[in-house]
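So that you can tell them apart, the chains are marked A, B and C in the order they are listed, and the count of residues begins at 1 in each.
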Amino acid sequence: MDSVLVGLTLGGLYGLVALAFVLTFQTTRTLNFALGEFITAGGFLFLAIVALDVPAWLAVALAVVLIGLLGTVVERTVVRPFNSGPHDIRWLLTTAGLSLIMLDLLRNSQGSGTKALNGIGFDGFTSIAGTKVSTQFLLILVVAIGVTLALTWFTMRTTLGTIFRAVAEDRETASLMGLNPGLVALGAYAIAMTIAAAAGIMYSSEVGLSISTGQGLLVAGFAAAILGGLDSIPGALAGGIIYGVATVVATDWLGTAVGGVIGLVVTVIVLAVRPQGLLGRVVMEKV
Amino acid sequence: MPDTTITLRRSLLRKDILVLVIALAVAAFAIVPGLGGDPLTISRSQSMGAIAVALVAACGLNLLAGYAGLVSLGQGAFVAIGAYVSAWALLETGLPWPVSLVVAIGASAAAGAVLSLAAARLSGPQVAMITLAFAVMVHRIFVELEMFGRLAGYPNVSNHDTSLLEPVTIGGTVLEPPLFAGTGPLVMLLVGALAVLSFVAYRNLAESAWGRSLRALATNEIVASHIGINPRRRKTAVFTVAAAFGGMAGTMQTQLQAHLQPESFTFTLSLSLIIMVILGGSGRLYGPVVGVLVLMTLEHSHAMQGIVEFQQENLSDTWFLSDEGLTGLLLILTLVFLPSGLAGGAQQLWHRWRAARTPAAATSGDEPALDIDEAPIDEAPIESVRQQVQGSSEHHAHAEVMRLTGVTHSFAGLKAVDDMQLSVRSGTIHALVGPNGAGKTTLVNLITGVYPLQGASRVEIRGADATGLAPHAIYQLGVARTFQTPQLFHGESALVNVMAGLDAKLGESFLATLLRLPKVRRLEAQARERAMGLLGTLGIEEHADVPAGELPYGLQRSVELARALASDPEFLILDEPAAGLNPSETYQLGTTLEAIAATGVAILLVEHDMSLVIRVADEVTCMERGARIYHGDAAGLQQDERVLAAYLGAGHVTIEGKGNQNA
Amino acid sequence: MLEARDVVSGYGSVSVLHGVDLELDREEIVAVVGANGAGKSTLARTLAGLLPLRSGNIILDDTQVGASSSHSRARHGLIMVPEGRRLFAGLTVRENINLGRSAVGKRGSDPEPADVLGDIFPIIKERENQRAGLLSGGEQQQVALARALAGRPRYLLLDEPSLGLSPALTTQLFETIARIREHLPVGILLVEQMVDRALALADRAYVVERGRVVLSGTAADVAASPEVQRAYLGGAGSAPASDGPAAP
């Protein structure tokens, strides 16, 4: 029971990372393989802004917005030119290359030690039904649920969200209606990278920040996103929670080695049975 | 023509031997200078060993990512599994080294097979995600598992009283690793031999029916299944094979270093391997060789260091790119400026240079081959089509080859095909016409098994019940088809495209292909011979070596027709073969189709060009909104009220009467 | 006026249109007819900006738009209803139609187009909150037309609107198109395989064959010409002239 609750709170974190993947995939059919470095960069940017004597809350806001803007730059320069159609997956390689570049820059400029993020987040634990869980992770879970609900509301209930859905469904027809799919892609990348940076800051305020912080979350984020179907906003959170609970429960019962593997094993089993993921849709290839 | 087949076989054999000799010579050149154990050559031997390891891993990855188009970001994981398992087998089980090698490769392959359970059902981005996740996870396992010493490495002093594996021995000779100055690193001989063997195996697979089937998968799975490939099984196979190559590379690494550290197998290793493949030219035979050599040379050269120092002096001494970042940048630049890699770029230059030298061959495709009014139709090619397409010489005159009864099909509740019936007889051309959206292509997809049949729909092919068979099983019944837009493997030559059409009929076993047994070479020669012959009968043999993607549209259609004919079909389905052809090309096509039918092949011709239909069709069926509204001969078609109404509008037919008129 | 001058375009390595000239004025209906594969849809897609222009010019009310994207052409008043309707299946009928307004930019105080267009298209009011993917073909065509009109086009391209519709629904569709012409100041380019229906409705017509305009003129003249039947049913000429399309 303890481990289920802990897994649940971790699942919120994984769900946030998965959401960042899902958002860009839904609208543009592309993913940012450098997402891990965006998560890390969010943390370091926060530290850099705080060092200028900016209040912590303002530093968080500035950091996530700036990383969001960086996301639009990446979409325009590293993704879009390498995405000419469904069979073109060069964007996958260019963003993976970008990941190497960003990681290297961070290593050279920030060193490889672990730094603490002070002044934000909660310390200590909260007791739920007799189980102690990290208050900060609880906050992340609440944020993850909040973001999922907000994004669901945004896409289902607002005009802009309707435009996002239209572009996600059929770019070509959307452009015939005067919608600019390029702008939607920029918007999706901005929101996704903002979420990634926020997740990075919240996570590292609890466990500290190093250049490999983001990469550590990448696997869980990938697995959670694919589990959910890569196409579904609630699916991302569901995938994250499944991954989180499975990992923590297996670690407690069977040790770290099994715990490290179990999430991916679950993912492989689910995909072998249901290639479109838990909440994804089936797309048929045409000739 | 057995003489030419024998010549072909000999030339294939000569080429195989030549490649083997060159590979051995290169390996010897790389290894021999260091064998004395001169202290100055130890680091050279280590570099050569690292190159050999990367080469074997990259070759396997090229089969998966380059040939089959499944971009894996996790090849490093299989290297790690191979390395650790072989070390474990040597250290803990006391198995003889060749057995431990097999065990390690088997473990890697098994891991690949398990991963493919999920990955073989996914498409591009998901494959990359799941393989990357796998690579990160495998690295973490070796960091966390106590039995592999965690960060202390494997083996380590505290658990095993030594940090180095015992070197393997062959007949009493100790094969020392390249670690100690003054000791001859004889293990380099073993590593070199394994690298050469792996490369030959890689080449045997890539240049074979099996390799061509991977290209088909990468182009379009539905097309691949129509030339007899079972997509999921083949994807699982290539995942497993790529993992086995990774495992082999890992065992070589174990031999070279005698000690393993988890940090050798981070996610960066997987990325470096895919970068090598892309840089060299993914899907090109020698791509991985070029990529590995160039990238490893760059990494070990002073150029990288020079660039780093330049940045530090002129830009910033904290924000600069070192090796890893520069490699990432190199990947992006390669994709911008050289998307087909160094080997691909060189190949393109070569083709351009050759095209420039033979202007006639380069341009002849762009102009109409014939003008109907002036040029007489050459009967020679027709006669040779007759000779070539002599699949079943003992066909019954106009026997029924395919019969379709009661076929009804709905998509999401909308009826696309409505109680259709159709039969096609050998030696005849049956045209299927009808307005856009009438359901013609859907019907073809139902015949070849793309869509599962619904309800009481029934398809019979050559007397056998073909209801519910997948496209690759339908192919085996002697059915071949072309597509509305030609679906060729663009990077491959016209010849290879045609050969892909009959590969699945040859039934070469995987093991025979891997070892390139003499039988494989014979079949390969026969396939090449036959493909060349078909290109000749269609009058396009001078384009045999041109990449299909560079051919003009009309010629692409001819190549696709040749590919369909290559499997010696009893039943040929052509989906709008005249679309995009000019009048003279269309005329020639008609002549060719008549000649093919004359050999006893049954042809179903889906076509909009009425002049072609009227000229060649023995029977015509007209569809409208999924149903048959006319069946008879071509002359009657033009007089039929319902057909006229379907095409031109219902101006002279009462709407009420439409549904109930004669069938 | 919407003008195409010597338009060449196609797919991949293939040219489908080999120099097409065409004009469309506001408040007229122009039909483009021809056999399947003649290049009609390629023409519509090139005009709308979905296919790049290889050479030639496209002029929209004195502005050259040959190089601009399809969404900017839509914002300049050129809107296409694509072949097969292509509604956003996951969106409701109302959402689909209101999306069409994107082409006119923000008009905060305007009533929602779904309300305005309800008069021409009764289906909107009956099904407004239903997912568009669940509509029948005829209903989808109505919504697709409404969605395009919500963008206040000055020129409307209809690519094979009758495709897959039953004769009765086709009749209904052509009545709707006629009603649009009565109510709205829009030039309509009708790419259609139902030749006699299209010609009965249109003011002028172009016959396209193998990527070229082989005949143009008033719809009545074109309907009377033997070229039309030849373009559809082949040149064997065995069909008597009386079987040709009935002129209106």
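Basically, a contact is a pair of C-beta atoms (placed from the backbone, for glycine too) under 8 Å apart; a residue touches a chain by one contact, two chains touch by 3 or more.
In this text the structure is predicted, and so the values were computed from the model without any measurement.
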Could you tell me which chain's Cα centre is nearest to the average position of every protein Cα atom shown? B
Across the interfaces A-C and B-C, which one involves more C-beta pairs in contact? B-C
If you average the Cα atoms of chain A and of chain B to get two centres, how far apart are those centres in Å? 34
Give, as an integer number of Å, the spacing between the C-alpha centres of chain C and chain A. 43
Hey, how far is the Cα centre of chain B from the one of chain C, in Å? 41
Which residues of chain C touch chain A in their complex? 48-50, 69-71, 74-75, 79-80, 82, 86, 88-91, 95, 98-100, 102-104, 147-148, 151
Chain B partner, complex, touching residues on chain C are 11-14, 16, 35-37, 133, 136-137, 160, 163-164, 166-168, 170-171, 193-198, 200, 210, 228-229, 232-236, 238-239, 243-246
Looking at the complex, which residues from chain B come into contact with chain A? 71, 73, 114-115, 117-118, 121-122, 124-126, 128-130, 132-134, 136-137, 140-141, 144-145, 220-223, 267-268, 271, 274-275, 278, 318-332, 335-336, 339, 445, 450, 483-484, 487
In the complex, go through chain A and note every residue touching chain C. 159, 162-163, 165-166, 169-170, 172-181
Within their complex, chain B touches chain C through residues 412, 414, 435-437, 485, 552-553, 576, 579-580, 582-583, 608-611, 613-614, 625, 635, 637-639, 644, 647-652, 655, 658
